[in-house]
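Notes follow once the structure below has been shown.
Here the chain labels run A, B, C and D in written order, and each chain numbers its own residues starting at 1.
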Amino acid sequence: MLATLSFEGLAQQFIYGIQLGAIYALIALGYTMVYGVLKLINFAHGDVYMVGAYLAYYTCSVWLAGVAVEPHLMLVIMLLVSMCGCALLGLLIERIAYRPLRSAPRISVLITAIGVSLFIEYAGKLFFQTSPQPSIKESVNVFKDQIHLGRLEIAQSALIVLITTVVLMCLLWYFVTRTAMGRAMRAVSHDFNTAALMGISVDKVITITFLIGSALAGAGGMMQATSVGTPLSTFYGLMPGVKAFVAAVLGGIGNIPGAVTGAMIMAMAETAVKAFGYSNYTDAVAFIILIGILLLRPGGLFGAVTEKV
Amino acid sequence: MPLEAAALTHQRFSSGKFWLVRIVSIALLVGIACLFQFAAVPHMGIYDKRLLISAMTFASLAVSLNLINGVTGQFSMGHAGFYMIGAYTGAKLTTTFYDRHLMPDYAWLLAVICGGAVMSAFAGFIVGLPSLRLRGDYLAIVTLGFGEILRVVVNNQDGGDKSLFGLNLGGSYALDMPRGSRISELAYIFVFLVITIAICRNLLKTAHGLAFLSIREDETAAEATGINTTKFKVTAFVIGAALAGIAGVLMAHYNGSVTPNDYTMDVSFLLVTMVVMGGTGSITGAALAGISLKLLEESLRSVPDIPAVNLWAAVVVAILFAAVLKRGGLGRVLNAPALAVVRIVIAELTLLLIAYMVFKLWHTQMSIVFKVAASLVFLGCAAAFHARDNVRKALPTFGYLVTCVAVVLLISIPLASAFHKLPLLQKLIGDTTYKATDVRWAFFATALVITMLVRSQGLFGHHEFSWSFLGRSFGKRSETVEASA
Amino acid sequence: MKETQTPILSIENLTIRFGGLVAVNDVSFDILPSELFGLIGPNGAGKTTCFNMITGVYRPTAGEIRFQGSSIIGLRPSLIAARGIARTFQNIRLFGALSVLENVIVGGFLRRKTTLFESMTLLPSAIKETSQFASAAMALLEMFDLADLADTRSADLPYGKQRRLEIARAMATSPRLLLLDEPAAGMNPQESEELMRDIKRLRDEFGQTILLIEHDMKVVMGVCEKIVVLDYGAEIAQGPPEKIRNDPKVIEAYLGEPV
Amino acid sequence: MKMTRITSLWISAVFGLMILGCGCGGGSKDGSSNEGTGGGTALKGRELPTEPGNSAEGDTIKIGMIASLNGEQQPWGVDSQKGGQLAVDEFNAAGGVNGKKVELIVEDTNSKPEQSKTATEKLVGEDKVLAVVGEVSSGNTLPAAKVCQEVGVPIVAVGATRIDVTQQGGAVFRACFTDDFQGAAMAKFAYEDLKLRNVAMLTDKKLPYSTGLSDVFRKAFESMGGKIVDEEFYESGNIDFKPQLSNIKSKNPDGLFCSGYFTEVGPIARQKEAVGLNVPMFGGDGWDSTQLLSSGGSGIIGGYFANHYHNSEKRPEVQEFVKNFQAKYGAPPATAMGALAYDATKIVLEALKRVKEYNSKELLTEIANTKGFHGVSGTFDIGPDGNAQKPILVLQVQKNGFVPVKQIPFFVFQK
């Protein structure tokens, strides 16, 4: 039973897909960067995103609740708090859980990552308000009005999310390709040991990677929570995290433009499934894409498979 | 060495004798199961039965997952999916075809078990296929995805127009089996657990088992040695899935209904935790971890909320203590030869304390299963403490651990009351309490991370449980101390 | 007599490209039964890549590999091993957590006749077979002087012994052709002396055909009867050791300048 | 040899599929009469349990309660625990019964069906309670009901509105109305009061409650002559509903029925505005939480939902309950589950006053005989099917809270 869709309907759905894709892309970038340098799936990344959303909530509803701040400025403050807080958290995770395991087998590291993820989810419940679940007030979102383009409607917030994402990604792109630290990062991701021998401080590179990846996830969490205004729980990042991971794999893990493309494709696929009336299978779609891509092209769309004996 | 043991067994038993032994042991198993069913079960309450059932089911699930994760080294996180397929196949077959007058219950159960095992094995085959091209973390996420796809699909099979093939599995509510079809018994699950363990143990006793192990150790080398890694990896998935499917059938027929919400990612995570904690590749480790984690989960289900202050005091002390230990100073002091007497006293006192706690436990109103389990833990502690009487030379690892926990708790109690008096903390924390469930999961997670940091092969490592192993493992500390001295 | 013998392994115009890089270019050589054949060349000359193509890890872009008369291109490594080609690895690949004995038993696993079902139910046939494998493995271990270490975890062995164990494991598959990838790497002179003796013994006592990659010229020249030299993926010389030793192209490849 | 094994695997798999295929064929044949319920458990009459259940010894009578104190349904579970405890405390303060005090033993179900079963087995088998009160959700009540029916201990469900729960047998009762009534009442309200003709539905596929309610609503609304123009789905935990809402918008409905919980209804309301779908929303008692106001924003204002009662009602039972609840816990109940659990516990306690011997069997009979019970959520009888026969209160969401707009008296909806 396919829902009949008009052209406007499709275009409209396309816009929703892009907005969702922007958020996925922000999370996927963190996955892909960390995997690039450490060859580690940082399962806790989705939870960093969750913390970002919570930080945004606490900033506007608790810490600055009594202060009269101009709404646009408030959004900027929320974004900065989320990014900084998440960067710090990412740093801590790397320092405490992953660094001591640098030379351990990969499975142990993977299990540690799952452990860290579980820890943030449940220990988070001790500190974050979960019952009743909080949600960011509508009044915080000053961009909730619509822009009319013919018969299409685009929420201003969607546009803002998109623009912010693009700006952040451009900054990241500049950082990775044009700065010394970015070059070091690429060197480490290319060959960990050689890079270390060449005098690159691998630890520093990894720290920076976690810092940037987590900050991006925090930004994603803040923007999603603000524009959608959903009730938050500590499991808020579980599914987006998994889906962003799929996006990263789709684009070829370790590949930055690939992650963005993968995120867009993922979001489009999900939106398409919903648009065609099979919304009840949405969560399965992400994994079906994942399994499909891994079977057909294990390296992802832009990745290459190399194997050494 | 398992292989030497196998060789010896071969010499000891000619094939005539072998069959005798085999038949006797099967008869013994059936006998114990019958004795259990007819002598013990009637005296048990439904809760005691439930505890045993849960523990045994999860033990067998952990053992079957261990075959995939631990023995073959394929990291699967979708075991709940296989469990679910078995449960749903069994439940659906029974709901549709079960007739009390058609055949005796045990025969029907056996038929349904075959159905569930076949379906799960088929799923295992399908899931095993990606493992040909994927390794490690990629495989993990694919299997995780498989479990989730399965849950979503089953969730939508309510016979409505959005379900595939119009299949009716009760949707998100439950597949409610007809009354009278709860035909699974405690004894069946017991026999099944024994069979699961036996299959895995047998495999590891023969060259076939080595083929699985070699894939875990080095896939390329295994392939170059003539082992068709594809075939063996898929086989591991098929066997593991079939066993999980049977567990699902038995559990479904004990519960009388199945619902997709009982087979979520959490179950897969819990199973992985069991295998990892128990020791990847260790059957006994997986089984023991399965039983103890499930019982622990159950015993901690309704624990009252924990005051935040107490928890924080314990955490602070633990971190400080760990920091001091890490500097090595305290460790050396604790293990100094001159302090042997102190150590023995501390060890024995801790043991006495545990004994006292177990004694108290026996006098509270609690399920007999918990009492027995706690007593066994006590016996384990005692054995560990006295393993090769190394307390005199150095504290055994396990004793070290228990003593550390005891010390942390002892210090944190006065600290907690001191915390209460601090005005700043009073303002920050106040009378906040934490949900025991969250604290428990946070502890599980921490324990998982710490296990990985300290002993990445899990508690049992690649070893099987044996008393000499216990001694060796817990007494390890003394050897290293001797070596360094 | 020797000239009329059919080669056990014949390689014709073997070529492989990785993207733009031609790792092995148009290499051809034949190995006769019971021959000790050397494959040498400077670092990155494509020796290990050749091994990987012969054992099925890589699929060549062009060319033909015939083993005992039939092509083995496109077969998976385990099948090639079953046909009778065994190998060792440049960076030792043992089953670290398994014992020395178990490592060698895995090598013998190719000859199994029992099914998985027999193993799962531990039928007498499975026990019997396993113990047969064990005793065969013990015999091999004795030959390689590893018998007293049978119960040691293989990862705990010293380096030189690990190399020997890897050869023992390869021998356990009863190969018709044994490929050794730098067996003497990282060994001290005395150890490589012993190794040379062992390799020769394998050939002399069992008539084992051996293809060997080696850097240590002393070892190669000492044991090999025929040598192929690769440089930048291409074959630059072929022949008995004496001829190779004096070949100007080989000297240039090794020393980097014409003599 | 290798080939045969793989082939045999395939053959057996195909065989297995065939069995399952036959299974679903057979299932739909006899399942057609009770669509949406699982399999063939359509019970015509309610069987009484054969086992005797537990009996009380000494001076305390134990009553068990299962509640989702953790997990997804925590907000409801915590409220239900408070409500139940309040009822027991008041009962004991009033002198108990016959010199005996009642003890309420609460077990956590973690919002999981499996643990709900375990918890019930602990209460029934270990603590030997005379009756069990609980679970707020249908999915978690089913396994508990199975246990209770088997051992002969009565269970009074708090918020399990799904129809098939009480069909487990004669030991299962509930203090809430059923989806049968709720869905039909909301359909009636939408058709007659809101004058809606083309309604779209949004269903939470992960919640048995939501799918059940949507089912009944669809049938009732269509039987009245209305049209369901579209049904879209989501799973609880989802956060992006714009594609579904956009689909709905293209069908031009004049109303939107959301049968899910407030956790998702809030964002749906907000995104409904963003999509430009400006039609009234209405739904079931799953909406009941003041949190809806903050998560729903302006989109939720003007929505209607069915509820059991409301804190602001002038009936003395409600006033007294809210006052006592506030006094004991410092805040009024956040959801209707507080009152429902209070009522459910009180049904058991009232029945305790009427029994001659303190055992499950007698208690079960007396609970079944409950007539004219004055509860917080209305005055009602327990019907022969174990369900509470009571009216529904329709509330409207307004800026400052929920306002009762209409009471719909109990009626039986025939499909």
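Assume a residue touches a chain if its C-beta (ideal position, glycine included) is under 8 Å from a C-beta of that chain, and two chains touch if they have at least 3 such contacts.
Keep in mind the model is a prediction, meaning the values are calculated, not measured.
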| note | If you tally C-beta contacts per chain pair, the winner is B-D
| said: Taking the mean of each chain's Cα atoms, which chain ends up nearest the overall Cα mean? | reply: B
| task | Could you please state the distance in Å, as a whole number, between where the Cα atoms of chain A are centred and where those of chain C are centred? | result | 48
| request: Give, as an integer number of Å, the spacing between the C-alpha centres of chain D and chain A. | output: 36
| In whole angstrom, what separates the CA-based centres of chain C and chain D? | 70
| Which chain C residues reach two or more other chains? | 57, 89
| query | What parts of chain D, by residue number, touch at least two of the other chains? | reply | 205, 233, 235
| query | Out of chain B, which residues touch more than one other chain, so two or more? | reply | 152, 155-156, 162, 220, 435, 438
| query | If you look only at chain B, which of its residues touch chain A in the complex? | reply | 73, 75, 129-130, 133-134, 136-138, 140-142, 144-146, 148-149, 152-153, 155-156, 161-162, 220, 269, 272, 276, 280, 308, 434-435, 438-439, 441-442, 444-446, 448-449, 452-453, 456
| chain B contact footprint on chain A (complex, rising order) | 1, 40-41, 97, 100-101, 104-112, 114-119, 121-123, 125-126, 242, 245-246, 249, 278, 280-281, 283-284, 286-288, 290-291, 294-295, 298, 309
| request: Would you mind writing out the residues of chain B in touch with chain C in their complex? | output: 1, 3-4, 6-7, 9-11, 13, 15, 18-19, 198-199, 202-203, 205-211, 213-214, 216-218, 220-230, 235, 239, 281, 462
| field | In the complex, chain D residues that touch chain B | value | 2, 9, 12-13, 15-17, 19-24, 26-28, 31, 35-41, 47, 69-70, 106-108, 110, 112-115, 117-119, 121-122, 124-126, 138-139, 142-143, 146-147, 151, 162, 164, 169, 205-208, 211-212, 233, 235
| task | Within their complex, state which residues of chain B touch chain D. | result | 45-48, 50, 54, 89, 92-93, 95-97, 115, 118-119, 121-122, 125, 152, 155-156, 158-160, 162, 165-179, 231, 238, 255-257, 259, 261-262, 298, 301-302, 365, 367, 435, 437-438
